[in-house]
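One structure is given below, represented as structure tokens, and several questions about it will come after.
By letter and in written order, the chains are A, B, C, D and E; residue numbering begins at 1 in each of them.
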């Protein structure tokens, strides 16, 4: 078993989860408040990448961001961002693909909070940002946790998109999910089991820690 | 474009979502109430299938349920259930794989409900079942919706598990996601786009309808 | 007849209070629990309802044992036939007022009672609204109506009238008494209003930090031993005015304002917001003008 | 000085009520809004706080315009410097009592005031508890303390004392008055208790179905035109008893019980729960024994 | 005794499918026997066969997988080579004339090849690159596809400027006129023997399978294979 893919995987999963939180919290907050007419369409669109097979999504992203394409050229020439065959591409694709796992639970959490919590923070002169950070987020912790766990786990396991847009380059885009897939394909079941077990154990430990911390804090103060 | 895979896909997605609801509602309800010490471990375990690549999960399921195997033989001989290369196998695998998408949001929804709702239904003499059905579930609708949308969309797009355990048999296990994957592999981009577009539009329509119904009902009564 | 003897240690992050309470209540009688905030009143109702398990003790209702730690009996809330008005109302957000009431119906119960309640509790125009759309007082009235639908054998009311205005409060008090008497209920009421407690209850338990401080009927608890034919009245001065040279004080007594003349000599003894204590000596009960 | 004139159509699935209210309140004065449940009292407070947008009208506080539909001015709640006690308390479940109070501090505000409030509102042992662990009355006290931390220029109180017992209620009333006077606030209070309204407010608005029915200072609204030197007292009979042959009635007046002798002849006119109306004629204000 | 069914289920590696679909069409015309092609990667198909999938014939992209199946005792007889694959250098980028000497130039940022670990074409492509003197420099440009099909997608989308793919691909009807390609000297890599094998756990009769193998030996079949850029094994 090589360490490269494992390290890359957890780097990708942490980074993706982090970026997803940064994007999803404001997005979900906005969705939970807005009276915008087209909201259901937006909500549906967010889930849409899920209905296509990952490899196919990957393929469409590949076509969209290929240097042959004006978008790809533009990105590369204007901000030096190259999304195909690069780690940033993996992150980008994972973020798009896991977006619904983060946005939807958080949005549901916000929707369930009583309006008076926000209102009373506002009349105390607290900004929307402070209110979000100090009042709303701590009170939707179980929803936030759901979003984090689903996105994190999903990013670790996903390989279709990543394989397509990343190109399986050792130490750059060859994540563990691709490695274990390759071992299965090559009938190296022993190696595959080793990777799987390791992925499984590390992910298990991380998520369990998250749950335990959350559970303890909850038990101490909530009930 | 053939209709077989499309029909099969939506049959699979509906069936999987339905079964997932039947399993996840009681499971999430129990998880949200229990003071069981090992709860964080259970919660983590539910998410674990996500951290392995779908094909690899499919591979392990294949090995576990293969007729070569005592478990597979037992299932086939005792209850006539064959889980590999069959539609029921696809349903089974999809349920396992999408379980966290249904369980976690619903559990978070239950956890956020005030205890007095349950309690007041109990003192009215309502059973736990009636309370769940008439009081709790309608009040976690946004979480339920999240679970349904994520599971449904994910089952439509997933193909790694399904390809491995199902074996791509026309009209039996060849779902649309495999079909579109095959078309992309075979460089038949036009056909792939056609499948993708169709999958996309139908899923979009279904999910949009779900959101609109939910949104309208919410707007009418909630605010 | 309901009798109970309950003990419970209430856990809290800093320290404990141990709740100890014991009482009997005959059928058709109303008991009030009175005491400062945090004394444990809500907790007592929750134990009676089966929502909180006492550490030790029993609850017996009409000969039936609902709870007994010694024999390990603990009926579920469902099997206790109770009506409960929660302090936070606990209306179901997904149902309209009417649906909330109908939900409380028992299987095969005639739903005429729903209309009756709607009428009596004056919910007429509210019935198709959802709870979030109601004002605090309206929600409280719905919660009360809902608790009565089932004609429970034990009615538990946790400050059921605190959000109501004076007029509606009096009306609801009378209505609760009416249902209580008509259905021959056991009723236990938590209230903070002294006059309400006195008016409504046959029996009273005063608790403080979990312990019963006084118990009995209202008169035995509050009545001063000695005969007090002198009424001592505290009049709160709301306003001072002078009309055509004559000084008056507007005073508040028992939800009524009076304008009374004041002695110009002692005039500067009176300030707005102050109290005038007067003693009415030797009331001749023949003044009575019922 | 605060002045407002507000109009709002409250939507509801069946029909509308249009809320129309207008008023002025000088610095350091306290205004009460009084009216039946559902009249629109909470909605008025929410409009003043900027939590509900009026359809038409203005709000001016100390010369500053907070809201004006004509000039399309609408300050956010954050920019209005208000304290608000919500009917449902709205304490933050994730914070302890102390953290709730500290959260209300402004940037650079000295946090001595937190300790002051803890002391005055007697929250001592509660400060490290989370709101879910508190009784209803305890939560209400925390909400009140929290609203006062910021020394707001407008204090809005939506039934801030309804869950408190009598003793605590009186204490809190006095405390609110004290802060109100010390900080020279504008205070608007929604309350259902007549005596509370009379005691606390300089000005009173009575509303009914969204419309102002009476407005002015308490005395001008409630005081009967004619001189009423006769006090009319309704004594509620709590208990009838006879001691050594002599008949007594235990009666309730103003949160006090009295035991008075009754005329044996008219004895059967009195029943438990009934009223004895007595008139105290020509009170000599010299009886005054402050 | 089950009545033998009259369809053949053929499991085929993704890269043979272009040629195979035409072969099957011919076969069906000649014999009126219906064939189902189930295409996937050789690795997945092998795993499935190993776990009891009821396929009749397996067309692999190499000899490794059929030999594994045979050694597990899942086949009727030893695998036979039906075709030899050959490689081309392919680019769809304007202004690039594919040649091995061009690989080191700045014009080429990515070279796509199949994963040598799982795809026989990938292994051969790697051999080609390793034979070049500037291999170490090229290493940083390599991107790997899961299969030869993915290499095609990399090249076809323009994401990779050049790729090493199967001749059968660039001759396929779908890609015939897209981009430019040159054949690579077949001395640079071990010949890519593609094997087929008749499976034991099969519901089709032996005759049926035999009929198909006979067809594969026919001139017609050979013509189709060479049209698709396969070389034919020297008949033993």
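Keep in mind that, in the parts below, a residue touches a chain if its C-beta (ideal position, glycine included) is under 8 Å from a C-beta of that chain, and two chains touch if they have at least 3 such contacts.
Bear in mind the structure is a predicted one, so any value in this text is a computation, not a measurement.
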Open item on the list: Quick check for the class: compute each chain's Cα centroid; which one is farthest from the centroid of chain A?
Closed with: C
Task: Chain pair with the most C-beta contacts - done: C-D
Task: Where chain C and chain D are represented by their mean Cα positions, the distance between them in whole Å - done: 19
Task: Whole-Å gap separating chain C and chain E, where each centre is the average of the chain's CA atoms - done: 85
Open item on the list: Counting only Cα atoms for the centres, state how far chain B is from chain D in Å.
Closed with: 53
Task: Multi-chain contact residues (two or more partners), chain A - done: 59, 181, 184
TODO: Return the residues of chain E touching two or more other chains; collapse runs of consecutive numbers into ranges.
DONE: 44, 47, 150, 153
Task: Junction residues of chain C - those touching two or more other chains - done: 13, 88, 130
Task: Contacting chain pairs - touch in the sense defined above - done: A-B, A-D, A-E, B-C, B-E, C-D
Open item on the list: Taking the touch rule as given, give the residues of chain B at its contact with chain C in the complex, in rising order.
Closed with: 114, 116-117, 119-127, 134-135, 138-139, 141, 221-223
Task: Interface residues, chain A side, partner chain E - complex - done: 59, 62-63, 65-69, 84-85, 163-164, 167-169, 174, 181-182, 184-187
Open item on the list: With touch defined as at the start, can you tell me which chain E residues reach chain A in the complex?
Closed with: 41-44, 46-47, 65, 68, 92-93, 109-110, 112, 115, 117-118, 142-146, 150, 153-154, 157-160
TODO: In the complex, go through chain D and note every residue touching chain C.
DONE: 12-15, 34-39, 41-42, 87-88, 125, 128-129, 133-138, 140-141, 159, 162-169, 192-195, 198-199, 217-219, 222-224, 226-229, 231-234, 236, 238-239, 241, 248-250, 252-263, 266, 269, 273-280, 283, 285-290
Open item on the list: Using the touch definition from the top, list the residues of chain E that touch chain B in their complex.
Closed with: 14, 17-18, 36, 38-40, 44, 47-48, 50-54, 147, 149-150, 152-153, 156, 169, 172, 174-175
